[in-house]
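Please go over the structures that come below.
Below, chain A partners chain B and then partners chain C, in two separate complexes.
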Partner chain A sequence: MDIFITALPTILKAMAMGAVPILLASLGELFSERGGLVNIGLEGIMAVGAFVGFAVAKVTGNLWMGLLVAMLAGIAVNMIYAFCTVTLCSDQVVTSMAINILAPAIALFGYNLFVGANPANATGEQMASIAIPGLSQIPFIGDALFNQTPVAYLAFLLVPCVAVFFSRFRAGLSFRSVGENPQAAETLGINVVRMKYVACVVCGALAAAGGAFLTLCYTPIYTDGIVMGRGFIALATLIFGRWNAFGVLAASLLFGFFDGTSVALQAQFQAAPIMFFKMIPYVFTIVALIFFGSRSAGPKASGKPYLREQR
Partner chain B sequence: MSENNKNQLDSMMVSRRTALGLGLGGAAALALAGCDGGGQTPEGGDDTTDEGGEEKSSYRVAMIMSGIITDGGWDQGHYESLQRAIESHPSWEMLEPKENTADADAATAAQSYVDMDVDLIVGNGNQFASTWAEVITDAAETHPNVHFLITNTDPELEMTDCEVMDNVETVLPDFVQTGALAGVVAGLMTQTKSIGFIGGMRLPSTTTKYSAYLAAAQKVNEGVTGQYNFEAGFTDASFGTKLTEQWINSNNVDVMWGDASAVDNGARQALEAAGADTHFDIAQPIDIVGEDQPTVITSTVTDWMIGQAMDEIEAGTYGGGKAIIGNMDNGGVYLGTFSDKVPAEVQEQINEYAEQIKAGTFITDEEVDAIEAGLQ
Partner chain C sequence: MTKSKHTLSAEERREKTLMVLTPVASVLLALIVGAIIIACLGKNPLQGYAALLQGSLGDLPKIGKTLERACPLIFTGLAAVFAYKCGVFNLGGEGQFIMGGCATALTVFGLGLTGPAALALGLIAGIVVGGIWGLLPGIMKITRGLNEMITTIMLNYVAMYFMEFVFKNLFSDQGLPKTPAIPKDGRLPELLSAHIGVLMAIILGIVIWYVLFRTSFGFKIRATGMNQTAARVNGFPVRRLVLLSFVISGAIAGMGGSIELLGKAPYRLADGFGSGFGFDGVAIALIAQLNPIAAIVVAILFGILSTGGTMMQSVIGVPTAIIDITRGLIIIFAVAGMAMIKLPAIKAFIASIGSKSKKVEANA
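On to the complex of A and B.
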C-alpha cells in the first residue's frame, strides 16, 4: 500500500498524459460514428499526425504550427476513407483497415526522407507544461493534474464542448439523426453526404491531433509504431463511454490510470513477470467491453453504407 | 427492370467500385512499403571475379535490418559500423540497406542478395540466425562466394538450425566490457547511489550487460543499487518516460543506461524534466553526446566488426561459423566522448578504470555471474 501511495502522483500524471491522445482520437471517432461511419483507421491517422506534427514543428520551430499541419494531414488521409465509404459506399471496416496499413507507411516514408537527409532532425521540439497557479500546489494530485501542456488542457476542455454540441446544437442533433436513420434525416432536409464528410474532417483532425500530442508533448521523437495501439484503444473507449463525450473522458482516464499503474508495478516489482503487468490496461479494456460493449447503445446506422436512393 | 433487380445491379456496381478502390489503396500501401528504404541496387559492382577464384577487385556488401537506419539506436549503430568499414575498405561497395524487414520476409530478402551474388550479407541481430538457416545452407552449395554475417549471435547456442556453416560468421560484442564501462561512469556520476537500466528484450546479452553494469558501479561506489526493466520493447518512448519518472520519484534514480532504442529517448525526457544538471544518461550503442542531448554524459559504443569480416573475405579465411568477438582491444567496444558535465578528474578516473576493464583486471566473471544469478 505504501508503494502505491508513493507511486500515486506519478500514476496520476501518467494517467492524465496517457489519456489525452486516446481522448482526442476517441472524440474524433465519436463524430464519425455519430455520422454513421465506423472508422477503425484511427491508428493510421494518428501515425500520420505524429510524424507531420513532429516534422513541421522541427522545421518551423513552432509547435502550434506542427499541431495545425498535423490536423490538416489527418484530414487529408481521412478524406481517402471518406471518398471510399461515403461516395463509393465501400465497406467501412475494410477501408479503414487499408488506412491503417497505408498511413503508417506514408509516415515512415516521410520520416526516412526527413531524418535520413539530416540526422539532426531525429530529435524535435517539445511543448512545455503550464502549471495552473494554486491548483498545481494541491498535494498528491496538483502537479499530476494541473501541470499539463496546453494541448492537454484544450483536449479536456473539448469534452464539454462536444457534449453540448451533440445535445444542444441543431448541427449536433443533425449529426445524431444521420447516425441513427440517414434516410429519415434526408427527408428532413439534412444533407447526409455532406454531414458524413464533415464527420470525417473532424475525425481526421482530432485523431491526428492525438497522434501529434505523442511527438509534440510526450516525447520529441518519432518512431515507427509510436502510436502503440492507442488508435484501437480509442475505439474501445468510445464503446465503453457509450458514445458520450463525458463517458469517453472517463474511459480514457481509466485506461490512463491502469496504464500508469502497470508502469508503477513494473518499476517496483522488477523480479515479477513484467508481461503480466503490461497486460493490465488491455485486460481492463476487454473486461470493460464485455460489460459495456453492447452496440445497442450506439448509433443504429453506424457502419452501414448510405445509398441515397435505397429505401 | 424490377426494383429488386435495379437494386441488385446498383449493389454490384458499388462492389466493383469498392474493389477497385481497395485494390488501388492496397497497391499504394504496398508500393510505399516497398519504397521504404528497401531499394536495392540492381546493377552489380565491378565484379571481376572469374570462376577460377582469382582475386577480386571489388566486393559488395548488403545489410538487412528489422528497423530503420535512423532509429538512433540498434540499426543506426549497425549502419554506422558498416559506413566505417566501407571507408576503410575502398574496394567494397555498399548496397542500399534493406530496412523494416519483417521476420517473415527475412529469408526472401537474403535470397534476393544471394541471387545477386553479393559478397557479404549482414543481418542485424540474432533473429536472422534462425530465419536464414535454409538460405545459408542452400547458398553454401549454389553461391559459395556469398558470405553471411549475423550480429549479436552465439553460433553454438543460436545457430543449431544451420546445417552448413562454411559461409557464415557471427559477431559478439564483449557484453561484460560494455556493461562495466557504463557501470564505472554511472558509479562515479551518481549522487544518490541509485542507477537504472532499461532493456528492450530479456536476452542473455541484456542481463549480462546489466549485471556487469551494476557490478562495476558497486565496485567504484559501494552501496549503489540498481533498478531494471528488461522487457520494455524498442518503440514506446512514452513507456521509457513513465518508467524513468517512476524510478526517479520512488527510488531516486539519477543515472540511466538504456539498451532499448526509442524507449531510451523517452527515459532521457524524464531525466531532463527532473533536471539535466543532476540526472544523467549513458547512451548506447552510438555516440550521441551533444547540445541536443542535455542529459547524455557519454556513450558506450559498439562497432560490429564488419571491417574484420571484409578482411577475412578478401583473404579467403572467412567462414566456419566463427564468432568475431568485438572488445576494447580491437575497437569493438569503447566509450564515446564525454560531455562537459563529467568533471575532468572523473574523466581521468573513468579512463583509468577503462584500462583495467580492457586488461581484464577490473571485475571478474564470478562477480557478474553472482548478480546475473539473482535476476529473475
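On to the complex of A and C.
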C-alpha cells in the first residue's frame, strides 16, 4: 500500500498524459459515429498526425504550427475515407481498415525522407508544461493534474463543449439525427452527405491531434508504430463511454490510469518481467469491454451506407 | 454448381468480369502512382521497377526467397479470408501468428526436442495455440457481443509482449533478446530453394477453397457471413459456426507462425517476428475478394514487392516505404473500385456500354 501511495503521483501524471491522445481520437470518432460513419482508421490517422506534427514542429520550430498542420494532414487522409464511404458508398469498416494500412506507410515514407536527409532531425521539439498557479500546489494530485501541456488542457476543455454541442445546439441535434435515421433527416431538409463530410473533417482533425500529442508532448521522437493500438483503444473508449462526451472522458481517464499503473509498475519492479506490466492497458481494455461493453447505446444508422436514392 | 455457370445472365457475367478486373486495375494504378512518387524523388521509375523484378524473380534462389517471404502472408491472408467469409472481421492474425510461433518455440525448447519430433510437435502446438488465441475473441463475441475488431487488436499486443517474455526471459540465447535457433534437423526441408512450408500454404489454400465453396459446411459458413438472420432461420447453428470460424482462422494464422519459425532463417523468435503480417493478411484478403486461390496470388505479389523493394532501394536509392505505400494504395483502389462498380449510376453506365457493343455486334 505504501508503494501505491508513493507511486500515486507518477500514476496520476501518466494517467493524465496517457488519457489525452485516446480522448482526442475518441471524441473524433464520436463525431464520426454520430454522423453514421464507423471509422476504425483512427490508428492510421493518428500515425500521420504524429509524424506530421513531429516534422513540421521540427522544421518551423513552432509546436502549434506542428499541431495545426498535423490536423490538416489528418483531415486530408480522412477525406479519402469520406469520399469512399459517403460518395462511393463503400463498406466503412473495410475502407477504414485500408486507411489503417495506407496511412502509417505514408508516415513512415515521410519519416524516411525527413530523417534520411538529415539524421539530426531524429529528435523533435517538446511542448513545455504550464502549471496552473494555486491548483498545482495541491499535494499529491496537484502536480499531476494541473501541470500539463496546453494541448492537454484544450483536450479536456473540449469535452464539455462537445457535450453541449450535441445536446443544446441545433447543428448538434441534426448531426445526431443523421446517425440515427438519415432518411428522416433528409426529409427535414438536412443535407446528409454534407453532414457526413463535416463529421469526417472533425474526426480526422481530432484523431490527428491525438497522434500529434504523442510526438509533441509525450516523447520527442517518431517511430514506426508509435500509436501502439491507441486508435483501437479509442474505439473501445467510445463504446465504454456510451457515445457520450463525458462518458468518453471518464473512460479515457480510466484507460490512462491503467497506462499509468503500467508505467509506475515498470519503474517500481525493474527486475520483474516488465512485459507483463506493458500488457496491462490492453488486457484491461478487453476486461472493461467484457463487463461494460454493450453495442446497444450506439447511433442506430452507424455503419450503414447511405444512398440518397435508396428507400 | 456447373449448371448455374451456363445459365449466367449477361449482367451477372459482366459483374464477374468487373470483379476480376477491378483488383488488376488497382494494382496497375497503384504501381503508376508509385512510379510518379519515384519520379518526384528525381529517380527513374522504370529502372526502379526493373530492379524490383530483378531482385525478386531474377534467379531461382531469389524466387525461393520471394516465396518464403510470401509464405506467412499466404497464411495470414487465408486466415482473414476464412473469418470474413463467416462475417468475422478478424484483425488478430498477427497475434495468432505470433502465438503460433511462441507455442512452437516453447514446445521445441521446453521439451528439448530435435529431429522430426520437434517438427511435428512444434507444428501441432502452433496450430492448437493459434486456434486458442482465435477462440478467445470468439467467446467474447458470442457471449458478450464484443466487437472482435477491438478485442483481436488488443490480443495482438498481449501476444507481442508475451513473445518478448519468451525470447528475453524464458529461452534467451546467452542473454541476448532472441531465442536460440531451432535445431538443424528439426527445420522444414527445402524444396527448390524454398522451404516446404510454401507448398503447404498453397495446398492449404486449395483445401480452404474446396471447403468454402464445395462443401455444405462451407456453404453454412458463407451463408452465416452473408446474412446471419437468414442462416438462423434456416436452422444453421450460427453461434457455433461463428466460433468455429474464429478458431479455424486462428489455427491457420498460428500454423503460419509455426512454419515461419521452423522454415525461415534465422529460425528464431526475436523482436519484429510477425510484425505487420496480420494487417497485410487483411489487405490480401480484401484485394483477393475473399477468394482463397486469389489470396495466394496476391500474397505472392506482396512477397515480390517486399523482396524486390529492398533491391530497388539499393539500386536507385528510394526508401522501401514506397512499397508500403503502393500496397496501401492497391487496397484503397480495390475497395473504392469495388464500391464504385456497385453504384446504380455506374452500373447503368456500364450496362449501356455493354448493350451498345452488343448492338454493334448485331449490326455487323
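Rule of thumb we're sticking to: the second predicted complex is superposed on the first by the 306 of 311 C-alpha atoms of A that agree within 3 Å, B and C clash if a C-alpha of one lies under 4 Å from a C-alpha of the other, contacts with A are read in each partner's own complex, and residues count from 1 in each chain.
Operating definition for what follows: contacts are C-beta pairs under 8 Å (C-beta built on N, C-alpha and C of every residue); 3 or more make two chains touch, one makes a residue touch a chain.
What you see is a predicted model; the values in this text were computed from it and never measured.
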Side-by-side fit of chain B and chain C on chain A, or clash: clash
Which superposed partner A:Ser90 touches (first chain B, second chain C, both, neither): both
Partner chain in contact with A:Ala7 - chain B first, chain C second, else both or neither: first
Touched partner set for A:Ile239, first chain B, second chain C, both or neither: second
Partner chain in contact with A:Leu102 - chain B first, chain C second, else both or neither: both
Contacts of A:Met228 with chain B and chain C, given as first, second, both or neither: both
First, second, both or neither for A:Gly189, with chain B first and chain C second: neither
Contacts of A:Ala267 with chain B and chain C, given as first, second, both or neither: first
Chain B versus chain C as contact partner of A:Ile40, first or second or both or neither: second
Chain B versus chain C as contact partner of A:Gly116, first or second or both or neither: both
Overlap of the chain B and chain C footprints on chain A, listed as residue numbers: 80, 83-84, 88-91, 94-95, 98-99, 101-102, 105-106, 108-109, 111-112, 116, 225, 228, 275, 278, 307, 309
Sites on chain A touched by chain C in the complex: 40, 80, 83-84, 88-91, 93-95, 97-106, 108-109, 111-113, 116, 225, 228-229, 232-233, 235-236, 239, 273, 275-276, 278-279, 282-283, 285-286, 289-290, 293-295, 307, 309
Sites on chain C touched by chain A in the complex: 41, 89, 91, 140, 144-147, 149-151, 153-158, 161-162, 164-165, 168-169, 275, 279-280, 282-283, 286, 319, 321-322, 324-325, 327-329, 331-332, 335-336, 338-340, 342-344
In the complex, chain B residues that touch chain A: 7, 10, 14, 17-18, 21-22, 25-26, 28-29, 32-33, 35-37, 67-72, 99-100, 227-231, 235-243, 245-247, 249-251, 261-262, 265-266, 269, 292-293, 375-376
Residue ranges of chain A in contact with chain B within the complex: 3, 6-7, 9-10, 13-14, 17-18, 80, 83-84, 88-91, 94-95, 98-99, 101-102, 105-106, 108-109, 111-112, 115-116, 119-120, 122-123, 126, 214, 218-221, 223-226, 228, 259-260, 263-264, 266-268, 270-272, 274-275, 278, 305, 307, 309-310
